[in-house]
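Notes follow the structure.
Labels A, B and C are assigned to the chains in the order they are written; within every chain, residues are numbered from 1.
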Amino acid sequence: MLSATLQSDLSAVVQGVNLMWVLMVTFLIFFMHAGFAMLEAGQVRSKNVANQLTKNLLTWSVGVIVFFLVGAGVSTIVGGATGGGSYSVVGAFTDLYAPEAGSAGAWVNWLFGAVFAMTAATIVSGAVAGRAKLRAYVGYTILLAGVIYPVVTGFTWGGGFLDALGFYDFAGGVIVHAMGGIAGLTAAWIIGPRMNRFNDDGSVNVIPGHSMTFAVLGTLILAFGWYGFNVGTSASPLALSDSGEVVLGSFQTVGRVALVTTLGMAAGAIGAAAVATYKTGKVDTLYVANGLLAGLVGVTSVTDVIVWPGALAIGLLAGAQLPIVFEFVEKRLQIDDVCAVFPVHGSAGILGALAYPFAATAFWNGNASFLSLAIPQVVGVVVIAVWTFAATALVFGAFRAAGQARVSNEHELEGLDSSEHGVDTYPEFGRPDESGARVDG
Amino acid sequence: MLSATLQSDLSAVVQGVNLMWVLMVTFLIFFMHAGFAMLEAGQVRSKNVANQLTKNLLTWSVGVIVFFLVGAGVSTIVGGATGGGSYSVVGAFTDLYAPEAGSAGAWVNWLFGAVFAMTAATIVSGAVAGRAKLRAYVGYTILLAGVIYPVVTGFTWGGGFLDALGFYDFAGGVIVHAMGGIAGLTAAWIIGPRMNRFNDDGSVNVIPGHSMTFAVLGTLILAFGWYGFNVGTSASPLALSDSGEVVLGSFQTVGRVALVTTLGMAAGAIGAAAVATYKTGKVDTLYVANGLLAGLVGVTSVTDVIVWPGALAIGLLAGAQLPIVFEFVEKRLQIDDVCAVFPVHGSAGILGALAYPFAATAFWNGNASFLSLAIPQVVGVVVIAVWTFAATALVFGAFRAAGQARVSNEHELEGLDSSEHGVDTYPEFGRPDESGARVDG
Amino acid sequence: MLSATLQSDLSAVVQGVNLMWVLMVTFLIFFMHAGFAMLEAGQVRSKNVANQLTKNLLTWSVGVIVFFLVGAGVSTIVGGATGGGSYSVVGAFTDLYAPEAGSAGAWVNWLFGAVFAMTAATIVSGAVAGRAKLRAYVGYTILLAGVIYPVVTGFTWGGGFLDALGFYDFAGGVIVHAMGGIAGLTAAWIIGPRMNRFNDDGSVNVIPGHSMTFAVLGTLILAFGWYGFNVGTSASPLALSDSGEVVLGSFQTVGRVALVTTLGMAAGAIGAAAVATYKTGKVDTLYVANGLLAGLVGVTSVTDVIVWPGALAIGLLAGAQLPIVFEFVEKRLQIDDVCAVFPVHGSAGILGALAYPFAATAFWNGNASFLSLAIPQVVGVVVIAVWTFAATALVFGAFRAAGQARVSNEHELEGLDSSEHGVDTYPEFGRPDESGARVDG
């Protein structure tokens, strides 16, 4: 048996090592903002780049303060209120504003949660690029960081009713990514497409982004940060067992998480490349890049509960659905989702969550029945999708009703950099013609 | 009581964990060079981009060798000589060149110091962009890395008289950032503005940078690295107590440091955006980005001794002063600080250091009087500012007297990429007209 | 003596801390793909950028799956078969596909190996830029990840005959970098130069890359990741001694590794800058950047067995040879190594490995004779070079014989972005003229 002194010693080791890991992966996840900024900037026209960058900077800056002051507490309350746990409305905030002196980790854990929240928030900006008013976007971000996203985490990670039901989402494939993707699609639908994006006869004009290089840079920064996102969700490398011994905590399955993340991303790129090449005969660079991201999204909710054949399968499917869903959104729904955030984050995240029962080691090992795994996933996806859709439609609908959802046609033609920010992103390089559209089937 | 064997065991754990943390955050801080390179490259004209990039590469490459061979030893000597500690002139160097076998950490600690030193050095290049001669800049960098910066750290972190006086600078808000910002402003003043920057009647021409995208990318890389800079300065996660037990070391306050860094940066972006929008009616992207950095600078010296309301207040002020100080430097001082390094690093760093007594938890807890906190800060800021100004003015003044401070007018018009490096940064894209200036109030 | 309980406790601490370190440095090395993508994209013409980016994305995506399914097992088998160790052909794969439950680290260690493998693979794409067919390149990548590189690691790190002979390569200066550089040179030689690169009279046309900024960004990302590559190869921070005590593992020399990496990179930039300036009178930005990388490559194989004067010397030489070897390859061999991968990765890696006996602390301490160190290095370099050359020549020779090695002249003139991918990287910026060549001595 261990002496009390030694237990205290080892407890400090466990706490220090776990804090170090959470901090490092939090920094990586924060860096995903640079990835989103570059990915989205690369996919918009040169006249709208500074606007996109400003939205990214303000998403983080405004959002993280709101999530500290309001959002994290709301999540705690929603979790307690819907999950049957005990909670205090005032305590939900004061525990964060002034944690007990003994809790060195309270603010670290908040920051770890905040970088996930801001990932969900920033996804939306890619869908509404090129026409959303800055004030509408920032207004929505405030509500997302303060209420809309915290309700989702309250239902789930915060111990709410979906958690009690058994809904499983390891690192946020649905809670973060599908939530952001659905919100983006909804917002893009409400505010309408960019001018000249669709013709009266229903045909489609492609408006290519201004820099493939920035888009791919953003993709690779995101993949780097995603290792923090997924592997970092194994957030307690060490643990103290009930008998006071040090054991591996969530690092028991960290190899599986690292492998599934790697193979899911690789298979996603290949799946998207294959389908895109089948459709057009050429390997589209942007589909490869976005397919890699869709593969990551696909495995994010199940990273620690599947093994590598499942990672390959889900990654391939998440990549393969990308060109198909993108075309469906564009040509059938006629929604202008500029940076393809729904196929990359929305449908890929949903696919991964619904694939859980098929790929779960618990099912293959006979430790759980298919339905006992499947039903909570379906319920969870539906609840999160409906909530996100309804809340987003309400907010952007209100902005639209007030005439504040999108810029004027003159400003859109001129570009949002000039009209909203008074800047020119590339003052020394040639200006594009005004429409930028070229006809594409 | 613990046995000797166990103490030795746990001592190795503490040492290994602490080394790991210091190495990881050092890598993050190193990566800030990529951030500075992109931020500065984006803010200069396309004809001067390669020059700016070369300066950044050489700042690191030349500077880090000088800091190893000379600078670190000078800091030790200055610290000992002015602070009353014991020191050996020869030992200051030999302890680094050939540390005792038992000291696994000596070179790791040197590298941790070196990445801070190189941050100070690289800030200067942004102020003198577009006209400083490469040899003058590199010559100054050698002196900065070998003497000018080490004197500042000798006075402070190295145990010198400012440290003895009680001057507080947690992670270098003054020692690194204000030092760099003041050096940059001084150098820009000595070598004079770019051609056509100011008119004879005192009016100002704006010369916009060539790529907002690179500038924002650099900003986000810097913010990422800054987590290493600030949170990493909590450099000893674990510690051995006097009785030989393992306890949390500087990780006791790491949550506070992480939160203050996050909220300071967010509030800085909002503060700058608000003032810039108040002045011009539009949300200037570059002010948002640089405001985020100014917020980070503002909290850097006090990160572990304030709590979140202080972080919001200092961040807001550090951001809000940015457009005002920038305009003052430009329109009143008529100094051409190309990348706004003084308002971002200089005045924001000074502001943070002087805000310390107002925001310090020690003051609010009644553990220290206002004046006992304020006086050392004022003295420290004055000493560091005077030393940095004088040394920089002397060096650049000497270069100017020798006709070596700036390139010829012909070379400036042609661009430094061509004249100093014989390269064209973007050979396939349109060349700008020669002056690049447009009239602005 | 320690109790069994305590030993188990501390064993979990050692395992957890070591896993954490390996994961973090693996993420850094993964991020080098973003560095290679930007470095190479910056050095190609704007009409071939998306092609280069796609190759980088597919190198990772295809390669890492092949390395999981095939390559890692091949390495184990080759190591066992040539080094005399015991091995099982089936077990080499099944140990990876389904590791023992107790082995939390098997997949983490695989991933650590995989990011090195993919570094070797991606180097090749820089040499064959602008004319290699995508299918040829991807086909070669599959063979490299599945067989060619695993044979090299089997011979060496995997315990094969070069390891038994005493060949030393700490972090892959030869195994990864020289291997990639030689493969790239061979492939560039087989598929021939870009059109208009060489004139009939043997004179040379320079085809400048499209963006110095992306190239330098890539350089700095690579340097950041290289800290993971080199310092991370000190992969076991803590260890359990034979008597069950916790001691520093490879972190005993981690300070040396960090210092040598830093000074080697700095000296490389200076060495290349000096020689390039001697030859042309100007400080060429790209030589400074690539010299920094060559300095890193130079010290990579010997990082933990030399001290700082050796790091400065090898770094300077590795940088200094860069302009000379580049010119030799270009003007004498008339091989079109677009991104200078042979001088940066090939000759610099060989130089570092062969410098080992001159700089080794074991030699200077009298612990090893010069020849006992030198002979294994020479043998190792020759074996790896011959194998890599032969295997690469065979594969690309077969593609050439089948008419599949390079695109048609029409497609090359049009640019590979359009012909292979159907995209335009910068649709809003001016198109270059078709040849892009300017005459240079």
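We adopt the following convention: a contact is a pair of C-beta atoms (placed from the backbone, for glycine too) under 8 Å apart; a residue touches a chain by one contact, two chains touch by 3 or more.
Note that this is a predicted model, so its numbers are computed, not measured.
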Pairwise touch network: line, ring, star, complete, or other: complete
Subunit B on subunit C, rotation in degrees - Cα superposition, rounded to nearest 5: 120
Gap in Å, rounded to a whole number, between the CA centres of subunit C and subunit A: 33
For subunit A, residues that touch 2 or more chains besides their own: 6, 10, 13, 17, 20, 24, 211, 217, 429-430
Interface residues, subunit C side, partner subunit B - complex: 1-2, 6, 10, 13, 17, 20-21, 24, 28, 45-46, 208, 210-213, 216-217, 219-221, 223-224, 227-228, 231, 237-238, 245-249, 251-256, 258-259, 262-263, 265-270, 273, 280-286, 288-289, 292, 308, 312, 429-430, 432, 436
Complex interface listing, subunit A residues touching subunit B: 3, 5-6, 8-10, 12-13, 15-17, 19-20, 23-24, 26-27, 30-31, 33-34, 37-38, 41, 49-51, 53-54, 56-58, 60-62, 64-65, 68, 97, 99, 103-108, 110-111, 114, 134, 211, 214, 217, 417, 420-430
